[in-house]
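Each structure below appears as structure tokens.
Next come two complexes, and both contain chain A; in the first it sits with chain B, in the second with chain C.
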Partner chain A sequence: MVLVLALGDLHIPHRATDLPAKFKSMLVPGKIQHILSPGNLCIKEVHDYLKSLCGDVHITRGEYDDDSRYPETKQLTIGAFKLGICHGHQVIPWGDLESLAMLQRQLDVDILITGHTHQFKAYKHEGGVIINPGSATGAYSSITYDINPSFVLMDIDGLRVVVYVYELIDGEVKVDKIDFKKAQGSS
Partner chain B sequence: MQAAEHDAVFTSAEEQEKWLADAMALVQHHAFYMHRALDANNIRDVLKFSAQMLSELRTSKLSPQKYYELYMRTFDELRQLEVFFREEGKRGRLNADIYELVQHAGNILPRLYLLCTVGSVYIKSKEAPAKDVLKDLVEMSRGVQHPIRGLFLRSYLSQISRDKLPDIGSPYEGEGGSVMDAVEFVLQNFTEMNKLWVRMQHQGLVRDKEKREKERSELRDLVGKNLHVLSQLEGVDLEMYREVVLPRVLEQVVNCKDELAQYYLMDCIIQVFPDDFHLQTLETLLGACPQLQPTVDIKTVMSQLMERLSKYVAASPDVLQEFLQVEAFSKFSHSVVEVIDAQPDMPLVGAVSLHVSLLTFVLRVHADRLDYIDQVLGACVKKLEGKGKVKDSKATKQLVALLSAPLEKYKDVVVVLKLSNYARVMEHLDYETNKVMTVVLIQSILSNSTMISAPDKVDALFELLKELIQDSEGQPLSDTVDEEDFQEEQNLVARLVHMLVNDDPEQMFLILTTARKHFVQGGPRRLQYTLPPLIFTALKLVHSLQAQDLPEEGEGSGSVSLKKVFQFLHQMVEALAMVPAAELSLRLYLQCAEAAGDCGLEPVAYEFFTQAFVLYEEEVSDSKAQVTALQLIIGTLQRTRVFGVENRDTLTHKATGYSAKLLKKPDQCRAVYICSHLFWVEDGGTIDGERVLLCLKRALRIAHAAQQMSSATRGTSGPMTLFVEILNKYLYYFEKGNPQVTSSVIQGLLELIVTDMQSEATTHDLEVDAFLASTVRYIQFQKQKGDSIAEQYASIEVQ
Partner chain C sequence: MAAGSSSSMPPPKPVPAWLNSAAWASKPRSPVRSSYSFKEIGTIQRDKSAPPLAEIGAQEDNHPSSSSGGTVRGGGGGGQQTDALNQARGNGFEASSQQLSRRRIHLAELQRLSSQGIPDSASIRAISWKVLLGYLPKNQDDWATELAKKRAEYLIFRNEMIINPSEVTRRKEQMEAMKAADMEAKEGLLLRHEITHNDHPLSLGSSSVWHQFFQDTELAEQINRDVKRTHPDMDFFCGPTAYAYENQEALKRILFIFAKLNPGIRYVQGMNEVLAPLYYVFKTDKDEDNAAHAEEDAFFCFVELLSDFRDHFCQQLDNSAVGIRSTIAQLNALLRRQDEELWRHLEYTSKVNPQFYAFRWITLLLTQEFSFFDSLRLWDSLLSNPDGPLEILLRVCCAMLLCERSRLLAGDFTTNLKLLQHYPAVDMQHLLRVADGLS
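What follows is the complex of A and B.
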């Protein structure tokens, strides 16, 4: 059982003060093995905070990130899964699932983590899964109105990944989960 | 007869030990004979030997500590003596006679010890009124004027008389006297003891001053004990305390003009007598404070008192009424002023810490009285008048304590903003400390999640945060400022903006304009941190105005409207662009454009796009930055539905033009095929299959050109990445049903790619292989899908 946290588009401090308190109290150091962030943190303090939760942090560049050294895309393997990260402002039309699927084919990954729209999405297709963890702070977006803060926690176990999405709705944390199984023997 | 008084010059510890040992031995020696006489009931001998024993206490050589040991030894023996005198009484001898007998002792000190011992028995027997005996003893003790000897003697008197005072309810009341007599006795003893104690200060050499003070400290409880006795008397009620005890004690305290005594005794009074006494005699007690010696640490004394009374009201809240009745706060604040006035040499730190103590008192006792708190701050401001920025670091520390206290108590900056003198106190902090304080304020807001919703409070808050937000005279030169610290501070201010919230759009807009008013005075270095959050807050306001469905133009000049907010936005982004902050401003212009588009405001949206393009043309020259900027421009434009044909064409044309002019071929290629999406906008936008195909074809041409360039310069034509990307784009439009994208076009491109990849001229690349493989898998998958998709794909052949 490997826990992978996916969260992004915090936009601190331009659009938000901090993670919601209820999220912060849930994110305890030492419990998570990997953190993947599509980007738009935007300042070093947020990066440091993520590092305090877990030593293995992977971040791609969002268009508002202070640190220009984050890569445009990233690929890594966790267990049986190949994962890719990309902020998504590079993929036009924004939020278009077919175009994102193309990126997924290009990166050749089972799971693509992306952001930019601030809207949670988990899209399953024959090539794999596209996950948008939404905005962890519920930051303003011109693309999506009425955003609830959200993030995703993936539990990777063998060929199976359970995707838990945490959403802060009217002050309460609601959890939903989605199951994905990777076909045996696929590359 | 008094032994000659020598100056008390105490020598080394060794010598002290020796003398004590000698004296103890002699005491032992005389006591032995005394015991023998006691057993033999030989009163004459008893008196003779006891007098000899007591003569050892006539020494001047011992330090207070050593004298105390000797005294205790002798004390034990005197207890035996007392028993003997009592027995004598039973045997029929009159105490009056014994009393007379002991006066024959040669030296005064032994005589007085014996008198006290007999006196104890005398009183107990009730042969004479207690008050008479006590009065006699306390006055005769005047005969011993040597400080240490006198103090111990009177201490002995105090000890043996404790349970024989004619207090209310005691057996000695009535005939023996009244509580008034008891009080009189104790007060007199106290006064004389204090005088002796003070006199020690002036004995001996100047250079031994420190040693003397240490020794005096060791004896202080002897003096203080008297106050304790007074407090234990049943008959000393509030009235007695107020009319007699306190005035007399304070008189001695003030008149003795001794720093050590004054400090100790004031503290003693405060600790020993009950809190409600203090409350009722506050004026008198505080009245003594300005009269004390200037070197007395009066602030600690007053703090102690305030602390005690705070605890008092905390333990029994209904006492609060009394506090208000006696106007405790008013008395304290007057007293603080008086003390400060009476001590013109008091350093600033002393004056400020007095105010800190007073403030602490108010926060604990009268937490609901913001006016009291403001008053205390005001008094401090008055003291600081004319002093400008305080330079003394200790005083500054106290000022910070003063400012932090209300913050910690209420945890709500909005409450603190109501204190009109708060800002004035802050003005006296030096630049660095002021900034520290502003950071404390912001962190309080953030950690307590305090929302500030009134525009005037926002204004007041930013006034307090002046040093952080604006350039000021006191600030250090920009090259000495630590960049990281500066960024952290400004980011704090940015975070703060999101705590300024009001659901009413009118009020929210007022907050925005208030914040702007302050931020624009921050200079170019700050704007890039402070304006973006303001801009996004304004964009949020746009969203909420949209939801409310208000007309475009608000009614009346004051009310908020979409137009007004967009004007505000335009000004803000423009100001940011002038910093200069081109890339950030470009992004924000695009954000505004999209928002304006969503509101149906075509001219406004067009204007924002124009500004973004201008920035791109004139300011964005870095290749990588251009790529991202273009992605954002195209992405935004693709989503914008508000434009009519002309405007849209102009903007699209520009965008595609920029795309083709990017420096690196791969960047060009990608930008151009992304532009294809500008011509395929579903759900009511433009759909132009031909233009899409034109873009894709152009992209292919660029990809070919890139191959040729690579062949020419490196010998190989480079990886096929771009081609596979373009292929995927073809598939995208194929599925969307663009009639221009036929299966044969796709087939052709597919075969081209496969062939080229096998050629030697092409760079072999694992990633491209994988990309092509997953693309082929995708095609195969689509072929197997049900419905029309499979039909579409049927004609495409893949291996």
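What follows is the complex of A and C.
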């Protein structure tokens, strides 16, 4: 029962000042085992904040990140799943599911976490699942201004993943979930 | 009190009679007789105050049954053995097993026999403790039903209290009959589903299964830390084997369920020490069936035992008439009644506050002061007292002080405190005899 938090595209301090208060009150240390962030935090203070929530933080480089030492892509294994992270501004057309699927096959991961479009998306194809947690602060993206803050919490339990989607709509936190199973025996 | 211990002592005060008793004479150990010879019973007169009979427990404790593989910590002074005592051992075994095999157990009789020490063999101790604590009813016919009922109850507790939230959400979904097809969707955008009752991992609502789980995790951590430190020298608890691991898991579950069922006192450090002997005795029961259900039995017996002492664990009651402070005051008063001089010396001259030593003695029922097997013998006496274990516990504590009388009178604050907090090894039989002798 591993809890993995995926959130990115915060754009603090350029486009947003902080996470929404309702999100912050929910994110308490001690519950989450891993944090994956596609990038665009953008400053060190945000990185420190994420570290305070959980010791194991993985971040990839977004185009506005201050810290240039973040890698372009990252892969890790949690339980039975291989996860990959990439910001997504490198993949053109931005947000195109076919191209992202190509990246996923390249990285050879079951779940790809990506960002940049600031829109939540969960897409399944035969190679695996692509999850875009959206922007946790609701910062405007290169494409549109109309963004709802959102992030994703995954509960990895054996071969099954429950993805909880937290979205702030009209000042209220809405939580939905998505289930999927990894086919037994598939690598 | 080892016979040979000597420090520079002041001129000897008049020696009390019990200090000169024959029990101190140490003889070389004769080889252990493998079988109990019932034929020689006739020569021994069964009498509560007779020293030979009272030493049976010491024999058994010095040769513990090896089923647990527990290593014995050095302790319990020289076990006296003479031929007469070997016969007496057979006597005690026969008497106890006879008592236990009766259809209707005479509780007072069992208590009397137990206070003299329960033999280690043939799971007599396990059964005796269960009867003495009231877990098993006096009528043997009811045992089967009673046991089945209680064990089933424990299983229900276990399933309710020890939850894995992922499991719970999975079960909920199955109840809501989510289509399996959803999960097996081949391609395309994955659909989002509503969740029920706001039950997500970050939920702060008190009705959320996840929230409860995270709160319990803290409790579980605390229990885990303490269980791992229980009796580190014994293979039964802390060996590298799967058996020891299983025992630790059982202890953790028992303490966790107890804490959840008693939100008033929850878990306090030290409860693991009180539970350990109970679980050990039940788990090393020769009877396979009983040993398999040791966890359930230990849980209920633990609850019974703690019902007498729970006020000691509750911090708010510390200063009340039932709390630990008042019990310590009772001990102090008892000491004063028995030996005014020693009391005065401790209280005024060396200024040793009884809380410094008596706190651990009383709350942990003396499990930490003696070797494990000595404390099992001690618990035989504690549990067999018809007035409740507290009364005899105080008397034993007083006896402990009296036995070290000369050293205490000679010492100042530091030496006395050190002595009392690291109580030296004594002959358990002797200690219990002294305790019995106190009014």
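The rule is short, and it goes like this: the second predicted complex is superposed on the first by the 185 of 187 C-alpha atoms of A that agree within 3 Å, B and C clash if a C-alpha of one lies under 4 Å from a C-alpha of the other, contacts with A are read in each partner's own complex, and residues count from 1 in each chain.
Basically, contacts are C-beta pairs under 8 Å (C-beta built on N, C-alpha and C of every residue); 3 or more make two chains touch, one makes a residue touch a chain.
Everything numeric in this text was worked out from a predicted model, so none of it was measured.
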| item | value |
| --- | --- |
| Which superposed partner A:178 touches (first chain B, second chain C, both, neither) | second |
| First, second, both or neither for A:31, with chain B first and chain C second | second |
| Touching partner for A:126 - first (chain B), second (chain C), both, neither | both |
| Contacts of A:155 with chain B and chain C, given as first, second, both or neither | second |
| First, second, both or neither for A:145, with chain B first and chain C second | first |
| Touched partner set for A:93, first chain B, second chain C, both or neither | first |
| Partner chain(s) touched by A:79 [first = chain B, second = chain C, both, neither] | neither |
| Common interface residues of chain A - those touching chain B in one complex and chain C in the other | 126 |
| In the complex, chain B residues that touch chain A | 446, 449, 487-488, 491-492, 494-496, 498-499, 532-533, 536, 539-540, 543, 587, 591, 594-595, 598, 628, 631-632, 634-636, 638-639, 674, 677, 724-725, 728-729, 732, 735, 767, 770-771, 773-775, 777-778, 781 |
| Chain C residues touching chain A - in the complex, by the definition given at the top | 164-166, 169-170, 173, 178, 182-195, 198, 200-204, 214, 217 |
| Interfacial residue positions of chain A with respect to chain B in the complex | 11-18, 21, 43, 45, 63-64, 89-90, 92-94, 98-99, 101-102, 105-106, 108, 126-127, 139-140, 142-143, 145 |
| Residue ranges of chain A in contact with chain C within the complex | 1, 3, 25-28, 30-31, 121-126, 129, 153, 155, 157, 160, 162, 164-166, 175-181 |
